[in-house]
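Next come two complexes, and both contain chain A; in the first it sits with chain B, in the second with chain C.
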Partner chain A sequence: MDSDDEYMSGLSSEGEDNILQDESDEEGSDGDDFGFEDDEEPEPDLGYSQKDSVKKEKKSFDINFKVYHPADIQTQQDELINEVNMILDIRKEDAAILLRHFRWNKERLIEDYMDRPNKVLESAGLGPSTSGLQLESIMGFTCDICYEDDGTQTFAMKCGHRYCVDCYKQYLGQKIIEEGEAARIQCPNDGCKRIMDSKSLDLLVTADLQQRYHEILTRTFVEDKDHLKWCPAPDCQNAIECGIKKKDLDKVVPTVACDCKHRFCFGCGIPDHQPAPCDLVKKWLKKCADDSETANWISANTKECPKCGSTIEKNGGCNHMTCRKCKNEFCWMCMGIWSEHGTSWYNCNRFEEKSGSEARDAQAKSRISLERYLHYYNRYANHELSAKLDKDLYQKTEKKMIQLQTASGMSWIEVQYLNTASQALQTCRQTLKWTYAFAFYLARNNLTIMFEDNQKDLEMAVEALSEMFEKPVTELADAKLKVDIMDKTSYCNKRRVILLADTADNLANGVWSWGISF
Partner chain B sequence: MAAKRITREYAEISESPPSGINVSLDNDNVHKWNVVMAGPEGSPYAGGTFHLSLTLPPEYPFKAPVLSFKTRIYHPNVTNDEKGSMCIGILKSESWKPSSKILAVLLAVQDLLREPVPDDALEAQIADKFKNDRPGFERDAKDAVKRWAK
Partner chain C sequence: MATTLATKRLSKELAKITDIMPDGLTLVSATDFTSWTIDLTVLDANPLYLNQTFRLKFLFSDKYPMEPPEVVFVSLHEPPRPIPMHPHIYSNGIICLDLLGQNGWSPVQNVQSICVSLQSMLTGNSKNERPEGDTAFVATNRQRPRDINFYYHDDKV
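Entry: the complex of A and B
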């Protein structure tokens, strides 16, 4: 195999299989679940799966959360409604309206209701009743909405404002379909604040509309409750419950994992950004957006060989580049000699602060601060890009593996180690990416140096795995390489846990010192 | 189904119009009304004549009418441009009810000319002036009436 002929250590770059790219660019959307079998991997499961009743060793950066599926959300609502229905002895429809009015704070509702029931009913849109709930045809009735008097069926809620059923239907359709309203639909009467209850609604509209109405109500339930949030993954219907308080977001980075595998921050909703706290992330993203012009050239996919100047294209996540022409091996990130990257004195991840004497005038200072920013931004953006390239590569590899399987008779389960490795790469790169944003704000001290050492260890582990990952399929099937990949995968995950645990502990204890405020 | 309602509302208002308000149909289109409103006495708009256009959406009365000033006006709640869009409580989707009537809308506009609502303003500068320099506001409003609404 003349893999030396390739820019990278093995994978051909002929651009075949492009159809498989861009399946889902959303970073982190599947960076979950390293998929170890418990018996072959001593390190606890990183899948954060809270469904496991026997919770494995909890790490300091794990937080408690619960995933609710649509049926669970409904059950939760129903339970609250039933409780209030029994305690206050009111109709279930009214209990639902009261609970919504109180944003599902059952305790406060019961307390207030016990004190002043009429005032509570009034303000929730359940004022005094005058009539029963049924459809009626009334002789000589003129509807005040359509002015028709042809004796069709009419309806009134307990407030007694009676209109024809057709007008109710149109009104409710307008509110539910066009305005997406459900919990706060009032009586059609000008000035009447009576809230449409679900029992009345069910009498009036088609099953379709009823269903939509209840969907919107469920949505309101999640949005009204402080500790519930929708999973932001497209097409995911689950909600996550997490008790994290806003004021603690500077001490904890509350990453949660939905059952759909999407991992996101409960604090700000964006994909997992451990170890960086929400405020830092927000500031960093704003800075990147503001400085996008300056930093644009970085995300380029091609660079020139530092030795001979030929154009090198990056088509896998690995940073170890080999020039096709002069065989120079160098680092994509810093363009330095690759062989030095394994040594202890070489620091690709650390920004070497220039001594103060060099930065006497304002112009030099601003140049240095730009260089410093670009150092971190480079590495941040590169992991984002590499994660994508790794994923593309995995998809290409997977396709080839399938061909290989059919040729060699290897079973699907036997090639799953590649999937596991690919997911570990995604997750570790996601973490590494944010370590650079984090480091940008750090002041230089011993803690920071320890942090950078952890970062470097994870970097090296990830690069090594990424490089193995780019071997040609024929070599990947080799038993020795398979074991190496599995070992390296678990090592990467271990390094990631160490880095995150360390950073999270320091964050919780408030001992990081920041060089740049956020 | 809305035809009966619109026709009746139009008949009622055009037969016994509230003082200072006149309505007519635009090209016999019941969904497009021309409204002529006199600036209310005692307000800086007194003496001015304001043309407004009232459009009833196909979904009327389940959706609120749309009202705009065709005559340019200096007022915190009306955009000070050729669009003359306005912000008025009764027409907001959360407060409009199918049983709300056009008559009530027109009377609400009259009220708005008598007493602007600076906290719900479309023209922040005019609202500021209304709140902090009432004589200055009235002078400017009167000047504007002379310029645009005579």
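Entry: the complex of A and C
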């Protein structure tokens, strides 16, 4: 794992990031946390020795990250809280509030607290204390919220603002359920900055509310930390830790893979878009989504009637145009009035005239730029669609595998190659898709030609594999086809690694030259 | 449960303000516990609001007092009830006051304390103007006051 450390040290500066990364490396070597590599580079099951050697090889486009399950996140919080609790000798609840106030920056908290403990406590809502924490019933007490004085149980935090327990319950319910607050719930009293701590809360509310409270607290823990992010997959509760810095995003494409198998970019949160960097992706998606291309199409494919200005698309026929709107008759070629066209009715001999040439130039340019965009867009969209179809296919794969087991008498492990192939197809198509967006912005030079060669190799391999994969079950049972599929799968993965490594190296070294800025 | 608290609390508030209403405030109607109207005058001789009476409309949800009530000025021809000129009050009566937002609200506040706050907000004002962007806001706003994210730029006015 030495190579990992070297690679990371190039990306991130010193400090806690590195400490955390080292931890992740150690645990990663146990095997479980790096399980994603299996998904990313689905290798045919050719025996352990080869698989291990592949695992150890660190690719330059891989980044270090660690997946945290809900329990791990809780443990991390608890450890930090315990540490502060021991160093500063304060209650754990208070330590938690202080840590949240400092957005979990333990070092800054300890430093500030050592300097001016009272000021820190005050600003975090932990002002001077007056009484212990317990439920009391006090005679003659009127609650300022419900205005009742029937002597029910009451509660006050250390600020001394006392309310009845029922009102507290409703207040906390409102804050937690309706407003989604947890870390910064203040005392109900107007202007009191004291923060509700978890121990007081546990005294007051029911178990389900407590659970929701702790869920939201965990949420804020992840949201407060820059190098933690939620896995965006639906229903996934894991968080990912990655030390990538925002300023490095033009050099690295930090794809991470959650244990739920969702692969996404840590930089921008959208699904894996290697090799294209985040900014390019953002620009590309915007370009595909907004109206600018419609305008481009209009200017490339239509002309305006010289008389009334209506936009006209010529979809066939001769050059003699009659505007539907104003009945103006003109020549499509030179845009001149048709009656002045002389005798050469269906052949515009005024084409070379200077007057219209500028307009024609602009149109030609616009047409070329549109064609260029459409070239890349069509391929991008095609791979996106194919990846979706492959995904559908993947769902059918399992059925296929079971059929295969009964048809050929192969064991479960022997049909896993189909699963691996299907996953490889999806990952490679995802990569291919983004290579087209990437290429759209590239300027033409030798590097680009090499890139396109790599792209072509991968694309051909992927299409070949895709074709094999769609064969009916009876043919799949053929031993030779099985070997072919396994070979092709491994070839696809290798081509993908080569393409990504090459692109990532050039990106990190800043040697790509861009034809269109993004 | 929530309904009971809102109702109980409002009935106590109502009993208190029908008993003694602070100066400058008149309860116009409080037939149920969802909507009340109160007339308000400014207590000092601020020339901006001299001899004028303003009408406030309170809307209570069943989460009251955990949630702030919705409070707006309403205008009326007869008797004349204009919308007071104030840099934090839009011409459609919507009030930009942190006390009435989720973050500034505290359940120990009540109808009377809101009225008193508004009185002092008017008393302290010397600017005969509407908030910035009033026309655009009034023309386009379809949100309820409590859903608007006001930016409480200053507390001085």
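We take it that the second predicted complex is superposed on the first by the 382 of 518 C-alpha atoms of A that agree within 3 Å, B and C clash if a C-alpha of one lies under 4 Å from a C-alpha of the other, contacts with A are read in each partner's own complex, and residues count from 1 in each chain.
The rule is simple: a contact is a pair of C-beta atoms (placed from the backbone, for glycine too) under 8 Å apart; a residue touches a chain by one contact, two chains touch by 3 or more.
Worth saying up front: this structure is predicted, and the values here are computed from it rather than measured.
Student: Do chain B and chain C fit side by side on chain A after the overlay, or clash?
Tutor: Chain B and chain C clash in the superposed model.
Student: A:D72 contacts which: chain B (first), chain C (second), both, neither?
Tutor: neither
Student: Of chain B and chain C, which one touches more of chain A's residues?
Tutor: B
Student: Looking at the overlay, what does A:D453 touch: chain B (first), chain C (second), both, or neither?
Tutor: neither
Student: Kindly classify A:D202 by the partners it touches after superposition: chain B alone (first), chain C alone (second), both, or neither?
Tutor: neither
Student: With both complexes overlaid on chain A, does A:D484 touch chain B (first), chain C (second), both or neither?
Tutor: neither
Student: So which bits of chain A does chain B touch that chain C touches too?
Tutor: Common interface on chain A, chain B vs chain C: 144-148, 166-167, 170-171, 173-174, 178-179, 188-192.
Student: Going by the contact rule set out above, which residues of chain C touch chain A in the complex?
Tutor: 1-2, 5, 8-9, 12-13, 63, 65-67, 102, 106-109
Student: Once bound in the complex, which stretches of chain B touch chain A?
Tutor: Listed in rising order, the residues are 1-2, 4-5, 8, 59, 61-63, 93-94, 97-101, 104.
Student: Quick check: in the complex, which residue numbers of chain A touch chain C?
Tutor: Answer in residue numbers: 144-148, 166-167, 170-171, 173-174, 178-179, 188-192.
Student: Mind pulling up the chain A residues that touch chain B in the complex?
Tutor: Touch residues, chain A against chain B: 144-148, 161, 163, 166-167, 170-171, 173-174, 178-179, 184, 186-192.
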